[in-house]
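Multiple structures are listed underneath, in structure tokens.
Two complexes are shown next, each including chain A; its partner changes from chain B in the first to chain C in the second.
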Partner chain A sequence: MRNAWLIARRELAAYTRSMSGYVILAVTLMVDALLFNTYALEGVRKSGEVLGRFFYVCSGTTMVASIFIAARLLAEERQAGTLPLLYSSPVRDVEIVVGKWLSGFLVVGALTLLSFYMPMLVLLDGRISLGHVAAGYLGLLLLGAASLALGTLGSAFAKNQTLAGILSGCMLVGLLVAWILAPVTERPLSDVFTALALHGVHFTPFQAGVIHLRDVAYYVLVTWVALFAATRVVEARRWR
Partner chain B sequence: MSAGVRSHGLTVAVGVGSALVFAGERLVQVGNGRLGATGLGLALVGLATAARALRVARGAGDRRAVEAVLLGLQGTVLAGLLLGVWLTGARAVDWPRWTVVASALVPLLVSVGGWPLLLGELSYASTPAEAEVEGGRVMDAVYSGLGLAFLLVFAFSAYFVASERDVRVDLSRFRVAKPGEATRKVAQALEEPVTVVTFFPPANDVAQAVHDYVSALQAEGPNLKLEKRDVAVDPARARELGVSGNGAVLLSAGGRKEQFLLGTDLERARGDLRRLDEDFQKRLLAVSRPRKVVYVTAGHGERGEDRGGTTDQRPTARLLRKMVEALNHAVKPLGTAEGLGSEVPADAAAVLVVGPRQALLPEEAGALGRYVQRGGRVLYALEPGVEAAGLLGPLGLTLTAHLLANDVAYLQRTNQVSDRAGIATSTYSSHPSVTTLSQLGRRAPMVLLEAGAVQPQKALPAGVSVDVTVRAHPQTWLDADGDYAFTKDAEERKGWELAAAVKVGGGGKDVPEGRALVVGDADAVSDLLLQNEPNLLFASDGLKWLLGEEQLAGSVSNEEDVALQHTRSKGVAWFYSTLFGAPGLVLLGGYLYVRRRGGRREARP
Partner chain C sequence: MIEVHGLTKLYGEHAAIRGLSFGIQEGEVIGFLGLNGAGKSTTLRILGCVLLPTSGRVVIDGLDTATQAHEVRQRIGFLPDTPPLYEEMEVGEYLAFVAALRGVPSGKVRARVEAAEEKTALKEVHRAPIYSLSHGFRQRVGVAQALVHEPSLLILDEPTSGLDPVQIIEMRALVRSLKGEHTVLVSSHILPEISQVCDRLLVIHRGELVAQGTEGELAGRLGAGASAVEVEVRGAAAPAVELLRGVPGVREVTVAAEVDGVVTLRVAGDGELRGAAARALVGGGHELLRLDRSAHQLESIFLQLTREVTRS
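Now for the complex of A and B:
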């Protein structure tokens, strides 16, 4: 996996050596802050509830940012015609996919953790635990990892970044609406939809400062399956 | 698209057929619709499989080998579909063990057949018709599909195991639905199985909170069972338990049932969820313990549910009654008309004497004395100045006629000197009737208004033992001259006795131990002061000790979070610092870093 790390570093450099990466981080933080002030702090709410609502809005920005970041991972290379160069390099397909995903995850992780000062502001005037904050951020990182993996899969499928974004968005929305479909369907279908729901079932406990093994397993498995599928798609050039 | 080997129509037919079978079995489920959809689906898949078999027979070389593999995969899908149809059919009822196996096999077969078939066909279809089929290339795609199928099967299985063996860590400071210490003790002490049946639709937020709460309680003992139901799916079970809709929680044990409604909407249920621990504990006690009667004396100007009249401005004692009811006891009045003049009723679990204005008749005091002697339980919350020798004498106690006052730890309510009679204390013994207060210590100051001292006699009656459970602040004095000021030579500052727990007899096997809890202030357990958490704990743990349920002592978990309220200027500061401050710093840091790197690059030769 050393090659994967090399690819991730190369990708990261693209963000850090120009202002574009910092602009993305700053804009995402501004959106987070705007939603924090207008939604999480709306009305008179208890500090725990404010923190939960903060993580709720952050989950939205994390998913959207993940899709935008992931869209360029493989599709941009394909669009620019540099993908064959990458294929011809002595790295395995799985290393390409994991390296690309890892670079995106580090960016998502950075923009997620940079919002840390907002829960700290809640801590100043309210009564929240650092454990609650840690659980919320763990949830955001896991959600970001899973969304980014889905985005990587979409990017592996698509010929350009726009299509990659649309495909990834569709997959993400599909998993989000599973939560809405679960109550209106019957068992065992409702159980399947409940299990698949990306946000409703599995993120809500993190918002409240509760960590379930079930939810951690879900996000890890979604990430794994999506990255595995992305690797198969990249491999498909051999047999298509 | 290049002219392919044109077998992809067969794979499409398998996909459409599978979708039809799924629709017939899972969506339509009954009648001709089901029969039609399932029949058509199976026919499509069957025909596609037969057509594939023909292609195998006609093919040669690599093409034949590839067709044979695809035939096997189609057959696997068909087998999965047939098993699925059998599973939902009537015959499955006769084979309960195989039903479980088949339930797991159906998605496995369809997935393991379907994914490789799809990817294999994609590869196969890209081969020009006139060109020779590259068997290795198609097999690569099939193996890719197999890998994906097995990973999906593993992922679902792993998720299932993680859900069933879920471990939960609650890191929040104020757990909305977390069992309190008292409820945990009730769960630990359950002697018979109690089933908690919840009725919620799937994937419901309120259900999640309730299930988390009950799961946490289940860890306390083996006798609490959780049964998750949905009225839409299990209408028969709902009817059997008398539940009419989702959002209900029902506790049942040994034929006793208790139910409460939370609803299914989280926003509406939020208030109820905050009181979940209290409500749940009340119902749990109701189904797990036989209901007893607690009598409250009446007819002597006692504190009641309502004020005695327009001239009676004393705080009422409604909450105390509710606390008794929450412990699953019925509350009934007890006066001369109910027989207090002769004997306390035999079904009495305890008697509460709360703030009588007039002294009880000697016969009534005698009845209470005999009641304690034969193992009865009595709470005396008395006011100084009311004759109580007849009640407290047999317990080895006296109540001072004068009030206690303090000029250090007191409640400044009216800014008058008389405020000094509103004393606060956090000095508790380790007696079971003040378990929680003694654990909290200084963090839980109890308040008493115009209290008298409950002093043990130097020579206690035979068989009586007295424990002073609450003492006043050491700077408290007995205000003998009634001026609320300390008179150096005439009055003494010390930790006066405010409450005492008395045990009577209990030495022999046939005579149970009598218990009395005496506090020198009725306001301490009135609605006014029970709003103070330490007073509430004093009353709660005291009642539990009195009723022999001291093992249940502890706090009930209620949310104690604070609301975030900002002044306008602070709100504006928050808004601008979050909106522009941090993003600005990120941009500045980025700019400096990029500029520094650029400068370094330019400096290179």
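Now for the complex of A and C:
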């Protein structure tokens, strides 16, 4: 995986030199802060409740930011004509995909950690459980990893970044609405929708400070499946 | 070094290349020639392990590109028709990235980058961001990335594309300088651009290999030994024309230009005329300024090869 790290490092350096990386970071943190102030801190609430609302808000911005970050990963290489460099180098397709995803994940990780001052603000006027904070952030990172993997898959399919964003958004929304479809369908279909729900079922426990192994396994599985599919798409592109 | 057997690439119903077979020996500089859309890039992308063929087989250094692509990629350097450049990177930084990606040990990366920059005359732009470079420099960076890991096979797809005449000469000199260190496969749609640097030419038309051989062999095949020579002499045209008409094998001598006492003559005939023409002119007391194979002939070789196939 040395090559994956090389690709990730180059991609990260590209983020630091482009405006888009800073814009995504700034806008996401600003929206997080605004919603934290207007929604999470609204009214008189217990500290745990504020934290739960904070992680709820952050989960939404993390998913949106992940799609924006991932859209460029492979589609931009295709647009810029740089894919032949990777394809003609002794680099495995899985290393290309993992390297790209990893760069995005590090940006999402930085974005998530930069919001850490908000839970700390709760300490000014209340008490928080560090376990709750850790669980919430673990959930955000797992959700970000899965959303980015879906975005990487969309980026592998699409010819340009716009299309990549739309495709990834559709996949993400598909997994989000599974939660809405679950109650209005009958078993076994409702069980399938429940198991697939990206946010409503699997993120809620993290939001409340609870870590279930099944939720961790779900996000890891979604990430793995999406990256596996993206690798297959990259391989298939060698036929065209 | 390279063996290509029955290579075919289909895009739906359309065959980009069909049944290509040829071989290349180690150390050769091969010109891959064809009109736009002939299938050159498709072939080179397959040889560069970027694209998979529909059928057929490519073996490089005894390794199959389909089943041992990873090993093959360590031995090749590929410049696609559009140089694969990361605009935001500096030239040296980009070459170091490519070297590392192509498996150069970290301790040797710096030396390899310096060597590649030396060969391609990029030292002056080592710290320049790629987006700020001219087209000529970008092409050179493209060549540098292909050779930074010192591959045994270099595949250069239209390296002279979009360059001005001076840059074309520089690129030609660069390709010539690679001879001996690498086996080089270089494509173009303009024969005179690459014929001077290549040991052998492969001519592809509508996805099929229509001819291969040296420039002289191709000319011989088309015109049953016909050749054309361009001559520049100082002095009057008439005596030089008379002398050249007396050279065995010469069929026609025409005056192409006469400027400031310098006459340009075009000599058409059979077989190799250059030696006899030079001896005749110098022996006749003429000041011979230039004598070479006519560029018009090179163009006509190529046009005839492609027309032959179109008619058949």
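The criterion applied here is as follows: the second predicted complex is superposed on the first by the 232 of 240 C-alpha atoms of A that agree within 3 Å, B and C clash if a C-alpha of one lies under 4 Å from a C-alpha of the other, contacts with A are read in each partner's own complex, and residues count from 1 in each chain.
In this text, a contact is a pair of C-beta atoms (placed from the backbone, for glycine too) under 8 Å apart; a residue touches a chain by one contact, two chains touch by 3 or more.
Since we're looking at a predicted model, the values are computed, not measured.
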Chain B versus chain C as contact partner of A:R187, first or second or both or neither: first
Which superposed partner A:A80 touches (first chain B, second chain C, both, neither): second
When both partners are placed on the shared chain, which of chain B and chain C touches more of chain A: B
Chain B versus chain C as contact partner of A:S89, first or second or both or neither: second
First, second, both or neither for A:N3, with chain B first and chain C second: second
Which of chain B and chain C A:R17 touches, first, second, both or neither: both
Doubly contacted residues of chain A, that is, touched by chain B and again by chain C: 17-18, 238-240
Interface residues, chain A side, partner chain C - complex: 3, 6-7, 10, 13-14, 17-18, 80-92, 238-240
Parts of chain B lying in touch with chain A, wherever the complex brings them together: 26, 119, 122-123, 126, 137-138, 140-141, 144, 147-148, 151-152, 155-156, 158-159, 162-163, 165-174, 176, 201-205, 208, 212, 230, 232-233, 559-566, 571, 574-575, 578-580, 582-584, 586-587, 589-591, 593-594, 597
Chain A partner contacts - residues on chain C that touch it in the complex: 11, 45, 48-52, 70-71, 73-74, 76, 78, 80, 82-89, 97-98, 100-103, 145
Complex interface listing, chain A residues touching chain B: 16-19, 21-23, 25-27, 29-30, 33-34, 36-37, 41, 44-50, 114-115, 117-118, 121-122, 125-129, 131-132, 134-135, 179, 182-183, 186-187, 189-191, 193-195, 197, 200-201, 204-205, 208-214, 216-218, 221-222, 224-225, 228-229, 232, 235-236, 238-240
